[in-house]
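By written order: A, B, C and D. Residues from 1 in each chain.
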Amino acid sequence: MTSIDIDALKNIFGHLKRIMDENREMLIELDSVMGDGDLGITMQKAFTAAHTEVQGFTGKESGQLLLKAGMKIAQAAPSTMGTLVAMGFMKGGKSILKTEEISLSELSVFFRAFANGIMDAGKTKPGNKTIIDALDPAAKALEEASVEGKNVADGIQMAYTAAREGVENTKSMKAQHGRAAYYQEKSIGVTDAGATVAALILKGFYLGVRE
Amino acid sequence: MTSIDIDALKNIFGHLKRIMDENREMLIELDSVMGDGDLGITMQKAFTAAHTEVQGFTGKESGQLLLKAGMKIAQAAPSTMGTLVAMGFMKGGKSILKTEEISLSELSVFFRAFANGIMDAGKTKPGNKTIIDALDPAAKALEEASVEGKNVADGIQMAYTAAREGVENTKSMKAQHGRAAYYQEKSIGVTDAGATVAALILKGFYLGVRE
Amino acid sequence: MKKIMNKAEDFVDEMIEGILAANPGELATVADDLRCVVNKNKMAGKVGIATGGGSGHLPLFLGYVGDGMLDGCSVGGVFQSPSSVQMLEVTKAIDQGAGVLYIYGNYGGDILNFDMAAEMADVEGIRVEQVVAGEDVASGPKGEESKRRGVAGIFYVYKIAGAKAAELATLDEVKRVAAKAAANVRTMGVALSPCIVPEVGKPSFTLNEDEMEIGMGIHGEPGIRRGKLKPADGIVDEMLIPILDDLPYVRGDEVSVLINGLGATPKEELYIMYRWVGQVLAEKGIKVFKVYIGEFATSMEMAGASISLIKLDDELRDLLSKPAHTPFFEQKQL
Amino acid sequence: MKKIMNKAEDFVDEMIEGILAANPGELATVADDLRCVVNKNKMAGKVGIATGGGSGHLPLFLGYVGDGMLDGCSVGGVFQSPSSVQMLEVTKAIDQGAGVLYIYGNYGGDILNFDMAAEMADVEGIRVEQVVAGEDVASGPKGEESKRRGVAGIFYVYKIAGAKAAELATLDEVKRVAAKAAANVRTMGVALSPCIVPEVGKPSFTLNEDEMEIGMGIHGEPGIRRGKLKPADGIVDEMLIPILDDLPYVRGDEVSVLINGLGATPKEELYIMYRWVGQVLAEKGIKVFKVYIGEFATSMEMAGASISLIKLDDELRDLLSKPAHTPFFEQKQL
């Protein structure tokens, strides 16, 4: 696979829905440690809705599909993470709006815009124990892979690996945003739930592209 | 003395001032049983001010003098009793406004208007353990004396006696107005402070006329 | 006692100083007495309307001094009547030869002093008429209306009389519409917590954490019934039904509704109350012309609320619709 | 918890139902969503102004939807941001081709959702600009202004932007004056008692009987200092001095002052506060153009108050003076 077309994207959203279904309880548990525990529920809602939206998409532009998915997520899951992820898909989709088949370089543009969009909206940066700490390394990995002329499958695998490492790294960070911020020092040692969601999103892309 | 002229009235107000001075502590004590204890203070203020006002009066009409005394009392003592007594003097003064020398029949008109003015203003009637329970018998006594053709001195003596009896009778009454009303049943057995003031006012007239 | 104040004995005077300072173009005092407040803006030949009463009820009483409402107000201590001489001073200041109407609440001390002031005004050659508002159905049964206290519904009497006076109507005419407004308004309230008179320093009564008192007066006068706090709709029913039955307000009537907060109760809760009031009135076929919601007659930091209804005819609706402007109340033509 | 409400989970929806029922001619909802409120009265070609935020702050936020102020408001749960989709629906409903300005307070959830809504509006082809109000000097030191929370002073931003939009100014022009107003306003508050979020059922913090917290936020965010309750003038000093020093407001400046009650604090106390504010400003040679006193941004039944100052130039004074009419705020031309 040298690029991701509309059908491949629809397949990716099928994986994303299934992954969020399967990880519902895990996310609830993670978010319960220092949040309100809603994350599993909202992510399931978000990607179920996105999946349905995407399957009904009749256009040709992949960027447009990703934008639409973002808008649907915003509507279905108006929580912090729901809105941030929606913002990511929208900003990412807009960045490659007219693209029909997504090359690795376009995928890296998409995830960079995805991550930056969330950083802008969340007024955050890497190191604050958020979704960004998985997303930013993933976007960086895609950028490197693209410069190095890797293929899409290899690129996305490197990004997924980077995201999982990013999740691990959040353990040593101190939360600065949301409910978790109230715990400050106590948040050290705990994995960030939002970063985990980012890794799951990369996983969906990885599995979809691999097929 | 067959009638009360301006000088006699001024003399009466001298007695009233002295009487209220002398009875200050007694009235405070009486009002403290079931009221706020201000009565001795306000009545002293009221009649000190009225006395000064009256001494400076240069007109010829006794009714006008009594009206002016009432207005002064209202200003000097804006408590319940101060206002009621002021109203009595004003309504009484108005009822004989142009009178220069007060005959017994005019005195009875004065006290009837005095009592009725207070009943109207206080929305009360005899039997409610108020100043009226001394004033109304006094006014009635004056009316009878006037019908019977008594002289001023005899008439006012009968009125003073009736007022004192009225004060005694308040002991068996249940308070319906003001702070004392909160005590209801408990107010039985206690002399009404306002009625005591009425008797002192009659005493002032009695002493002034007797001279 | 948690109050933002300096010395308790300065509470009322400093409050008035603040009101005057905040509205320098609108309000003035007369007779060198801070407690005698009048509208600076005079309309020549107009009947003067004066009110007065104890402090602690803002915007009642002096908050309604302004264009299209009242011309003057005498201000008493917290929950205490002003003196008759203060009332007289206000009367003298606002009389423009057309006479003065007193509108005030049915409380012993106020009646006494206003009667006295009227008596003194008469001596001064000023014609005075009076309308006493007593519309709290909880404070006297039908047949004993004269016992009823004046509470938030007095707002309607002010508004309607003020609009009539602004038309340069005669004293008799202004009195007539004021009396008509007073006759057509009914109120009932509920208290959830007490308030504290600054100079006293402690509440005059207590209510348990789960209790309310239906029919309590704005000075904490005992109500009809103390009971468990109910849901909003149930509380509304306890107030609205006695109001409706009293006048009575019946199918086809047109009313204005006033939901008044006593002080600590948030506007959110007043609107939750109105939601149910509106539904009940709609169901009973009573038409609502205009709704007022907010704080119109308070008891400082007391929690609770009252509901007032006024039945309107063409004349009252028209007068209620007229614009008004005071430092505490602003209405454009409805 | 003593609240006049039905079920806690219905608190916000029933409140909105009450507000809509009380103002049938003025407010409407869009997208079949009670939480998306717009002004019924549209002025053709006008820039739309939208706000939004959590419930529990009436008249903030939806109380300022009306003529000469805001066109629409998305309403969140108590102390919770509305969703971006609700904001988008309001945006779509109020856009008349001239674009839409978002004005809201500086809170993470609101920013996130308004940014998202702006993104979605862009997809819909609607031009959106944003002005975020953050004027609480207690919530961020000088130099870290971007941390400051938006509190009662946002009223001035609404009023001034609304007046400009009513002149049919362009989106850029409306944004410019809104930003100018926001840059010139400063607020500080004091809390005396907590409030209770209905669905939570208990206060989020406690204050002792003799304590106050200077600088506390309208959701109970920690302030600068907790200490013994002071006399009113001392409390005012603790708020006013940091405000004056911050912009700074200096001799010769002209300002408008807003004394805002947080909910349970009676108007009497707000005026006692203003008495001292007025004296301090007079002494410092700062001229007061117009004083607003009352409840403009509350925290339900929280006791306390805030002081806001806005420095005026000719343009801001002129816009502040323009008439406005909403169900919660009425002003005639000053």
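Note that in this section a residue touches a chain if its C-beta (ideal position, glycine included) is under 8 Å from a C-beta of that chain, and two chains touch if they have at least 3 such contacts.
Values in this document were obtained by computation on a predicted structure and should not be read as measured data.
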Omitting chain D while every other chain stays put - resulting connected groups: A | B, C
| item | value |
| --- | --- |
| Longest centre-to-centre distance from chain B, chain (CA-based) | A |
| Inter-centroid spacing, chain D versus chain A (mean Cα positions, whole Å) | 35 |
| Chain centre separation in whole Å, for chain C relative to chain A (CA means) | 60 |
| Which pairs of chains touch, using the document's own definition | A-D, B-C, C-D |
| Complex contacts: residues of chain C adjacent to chain B | 83-86, 108-109, 111-113, 115-116, 119-120, 123 |
| Touching residues (chain side chain A, partner chain D) in the complex | 67, 71, 74-75, 78, 80, 83-84, 86-87, 90-91, 94, 117, 120-123, 177-178 |
| Chain C-touching residues of chain D, taken from the complex the two chains share | 2-7, 11, 14-19, 21-23, 55-56, 58-59, 63, 190, 192-193, 209, 212, 229, 231-233, 235, 263-275, 278-279, 291, 293, 295, 298, 300-301, 303, 305, 325, 328, 330-332 |
